[in-house]
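My questions all concern the structure below.
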């Protein structure tokens, strides 16, 4: 627990334990990084003896380091996948999965684009594996119609920009928007098995969200996707398109409310994964996680994300207190 | 002040300085047929930055003659010589005051193109400075930029003629393509003479051209000078009194004068006259001491 | 003089001229220098060896394929032709833009410009430009060449990248060329002017040939630097994922270059992509080696002529 | 000679020496050179202006804070002291490792080593090393200095990064120094040997002072390059997020450096972080400027002495 | 073959070459008190790469004497001179064959330290090559590395004495801290002489030390040589016959021989004898032609 008995420790205000020492290394999703950073900064202010670092190379990179034992906590914008679980197991690393908040994925286009709403089927037709080679929006019309969509695409060149494979946002986007349709298409024999979990290969990818946004704002026929917080920070220079799960279904715009109540279809959960063995032997690490969860709502909202509802906060807290090992997602 | 217009000091001088006295003696000596004036300087002062290297030099250089500049080391002979083809332009601190005319044209007029001047007033430098290229290219370069020959046999002829004149042909004819940097000191000096002759200039300025040469080569160069003065005008700086006496028509004696106040040394023209006069019957005691070797 | 007359017998002289004055500084120094050299060589050997070793599977198994295929998300199918094309194109931009401009500016500064306060100011600024981090050039290139001039360059294209890198190495070319030109002895210039050559003729026939080895050294350093820069390319918008195109000659198209591709490979899972990373490094090193060898050949040709 | 005797009247001479031989090449050239220079200067101005403009809020509003605070995820509170500390430390490594080693190796190669096939081979290799992409040095640094030697360097520490960058610029220091040393006229060496100086004395008293301006130029280029490299730092493990520590003198600790920090800032939302990015660039430019100015002062001092 | 052991060619020569004949004439001339031998060369050959610049030179140089080397340009005088203090070591292509001993010690023995040799056998180069430093530093550098003085007044004295001996003191005493590169050609040459004197060597090799000097300075340098030969041994290369006759005790005449086959030129020693003999009654026709100026 976050015991506050040693008042003599350091001049830091609030309830820190000035005597703590050790190191805490956090890495992983760049989406979650601001949340962990905010927690780490607040924690470091009260615990000068703790060396703490937070990085955001991407969810995949984060798990690679985490399962190699190089980090204590891995930030993730998607649940850990099977391969990664296997890697951790192989290295003998047990982890505690803690859900910390929600993020939306915003689908963006230029403010000049007349389009208002896109369904998952539309997105599949524009971005999915079968869209390879489409250079005009209208090129995707036939496929979209085949999938049951009735959106009329504008007659503009299609310029796609999005995050690259190393990004959790890329994975989440496929997982949420494309995977179900792609599975059906595999069954129908329209695409091959190994294409199911991919986007079209021919789009502009960038690890830099600013580059994505600036590409989108630069041309009328642009289309792309980024984390909601980035879209929000970009303001009016780009337009967030409303999204519906089914063709003709309800078009929902991304906002804090729609994301937290689950009505915005392109929303995902954010996690931190804690190395259990290290948490047991490293006081600084466990104290940090305690501290993290205690101020969770504040940290999540400060980073521009959507906080967990009450019940889920307590789920997370109890998972931590019980040191529940393994993943409950996927 | 100076009845003989060919050798004496200009009468238009701006300042009647005390040090002019010696030059007043210039009007003795055998009168010669008056030849056209090639260079005429008037109250020429040359500075390196704030340091005045040469003061108030007024003299006339005549066509088809050899003029010798003699004087102790550091008295400004090289500095003077470099004024005649505007080589001093290339030294950033150097500055020339007074007038210097070439065939009556002010050399330092803004309209004058120094490149054209140097093309017509060739120079052999005190330290041999061949281009780091082949012997052939060293000689052929001048004619090439002056468009005297495009190459081929015409150029070969110029190169051979120039090297023969400079008494170097026999020593290098079999290695014309070898680098000039591998030549001995004296060979380099003769190469620089050949390079200068190759552009067929109107005037040749020679800064101690024989200092690194043996008597044989020296004799050849002196013969050459004597031969080509029918067509050229030559100014030669030399430390060899015999040479000056042997080859030159007129001789200018410079010396360095210690400035009382600043303790620096400025070059002045002591006396300028026909060479015979200068060596047999000089007007100034300093000249006499110098040419007869009564040092000090 | 102040010293007593020498009694020079064979023995005395022999002892004297065979004695080695305690040249401790010199000897120590010599070994320090030698070890500096050995460290440097060791680095090269380690570098090459480790990369060739790691990339051996790719290099021996499917080198032809690797060099001629485009990027694919499957490590066993992925190649680097797009990176090679981009890198060669960028090298061409540097050679045809930065080298002439840079050598030209150096010649102007050293041979033509008066040494005024202004030229000194310019000189200082060029030195400062050479110190601007490459990321900053990337940001500049993105803003100017990829965005403002998108009508010319076609956006985040290889042209934009090439121009950006040309601008990046320009100061280096200028500084090293100016240094080489400054080292040309004045007596050579005087000799040229003395036979009536114009400044341009003296520069062309004497100054530049004499300075050429130095200029070549600087140029090669610059081209090599441009070949190896990843950060500004990524900022300008090198495609770090799959894309079609990237053919040689597509100046206004999407592009990839070897360094950014290596950077990208190095971020993919080591177990499956490590071989590709190493193989791509070896290919890039081979290109650098080819450029250097060409330059050294040129250099030797001109040094002989001195 | 072959030419007819000259009839040199005032008019003829005047026409001749006032005429300008058609020096079209020269004139065109001059303007080409001048524009090369202007382009270069324009780049600097645009660069500086745009960054100062974008960073003006930070630079005027909270410069002190910005320079003395650590990184924070809040753009309005974030500072760059860790980056400054890292960059200065890395510069120190380069200056104290790469410069002496590099100049030493250059002296050895140019003054001591016999010109054999081996030295030529070494020379070629050093030139090739200078062309190795910096990312590759990063990979090497990670493997050797951050991992294999972790007991010495403390892992991905500023020491590992400093040594990596020192190794990275070493070839550049060697090449530019060797070029400067080669430009020292032999007559100066002969004069030194002629009065009975040892090779080391000649090198120290005559060769190095004469070559110093050139060596300084190369050194500054190298230090500036090291100050501006981001990619190898990121590969070696510069912390790109929040971390405690990064104090000056923490050689074996986590670190950040300005270029990688700029790279990181440039990936955060432009609207809130753009000012910090620009301000950090301006600070880095100021450091580069300071290094350059110091070098130019030194250079002028030694050039006067020539 | 050569009865006078001091001047004649060594009898131990390996090859009885045809060109040795002239040297056989060396035993005429006034016999002198035999002085100690400083340098002795035996069948010395010097190559630049494959080019043989000097062939089969055997001669002895005596202590407290001035030996003059004369001969046409390119005959290898400088090359010879540079063997005596191993300056040729510094030219990568240069190679020496045969033996050369200094006071009986083989100079090219691997145990010999060339630095020590040069410290004792000083040299004045053909082209003045001052250090690009101040005048003072130019002179003080040698004594400093030889540890003759640490600085301060001791060094000041050495500098002043050397500059005075080289007849340069008056001209530069007020600008000792100025750069030596701003001096005139002749001033630079005297500075190099002063620099050589400052280390107090045993032998001084002078390669045309007066070529850029005026008669006054030349006279001073000659006086200096005469004065210091009591303590030193001097070898001087000169193109000035009068100078050789005036100052030297022995004279060696070199010339360049055209090789029939390759058409290159190799330097040979024609004759070596007492200066009086060489100038009044030389044993070889070529010597006579050369010293009397009958060129050809």
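As written, the chain order gives the labels A, B, C, D and E, with residue 1 at the start of each chain.
Going forward, contacts are C-beta pairs under 8 Å (C-beta built on N, C-alpha and C of every residue); 3 or more make two chains touch, one makes a residue touch a chain.
For clarity, every value in this text was computed on a predicted model and none was experimentally measured.
By number of C-beta pairs in contact, the leading pair of chains is C-D.
When each chain is reduced to the average of its Cα atoms, A sits farthest from chain E. Taking each chain's centre as the average of its CA atoms, chain B and chain E sit 31 Å apart. Chain A and chain E have CA centres that are 87 Å apart. Centroids built from CA atoms put chain E at 48 Å from chain C. In chain A, 57, 207-208, 214 are the positions where the chain touches two or more neighbouring chains simultaneously.
Residue positions of chain E with contacts to 2 or more other chains are 115-116, 120, 127.
Touching two or more other chains at once are residues 21, 23, 198-199, 201, 235 of chain C.
Every pair of chains meeting the contact definition is listed here: A-C, A-D, B-C, B-D, B-E, C-D, C-E, D-E. Contact residues on chain B toward chain D in their complex (touch as defined above): 36, 38, 63, 102-105, 107, 109, 111-113, 115-117, 120, 161, 200, 202, 231.
Chain contact summary for the complex, chain D toward chain E: residues 115, 186-199, 201, 205-206, 209-210, 305-306. Those residues of chain A lying in contact with chain C across their complex are 57-58, 60-61, 64, 133, 164-166, 198, 201-208, 211, 214-215, 218. On the side of chain D, the complex with chain A involves touching residues 72-74, 239-245, 253-254, 266-272.
For chain C in complex with chain D, the residues that touch the partner chain are 21, 23, 25-26, 29-30, 32-34, 36-37, 39-41, 43-44, 46-47, 50-51, 100-102, 104-105, 107-109, 112, 122, 124-136, 139-140, 143-144, 167, 170-172, 174-176, 179-180, 183, 185, 198-201, 213-214, 217, 220-221, 223-225, 227-231, 235, 258-259, 262-263, 266, 277, 281, 284-285, 288-289, 291-293, 295-296.
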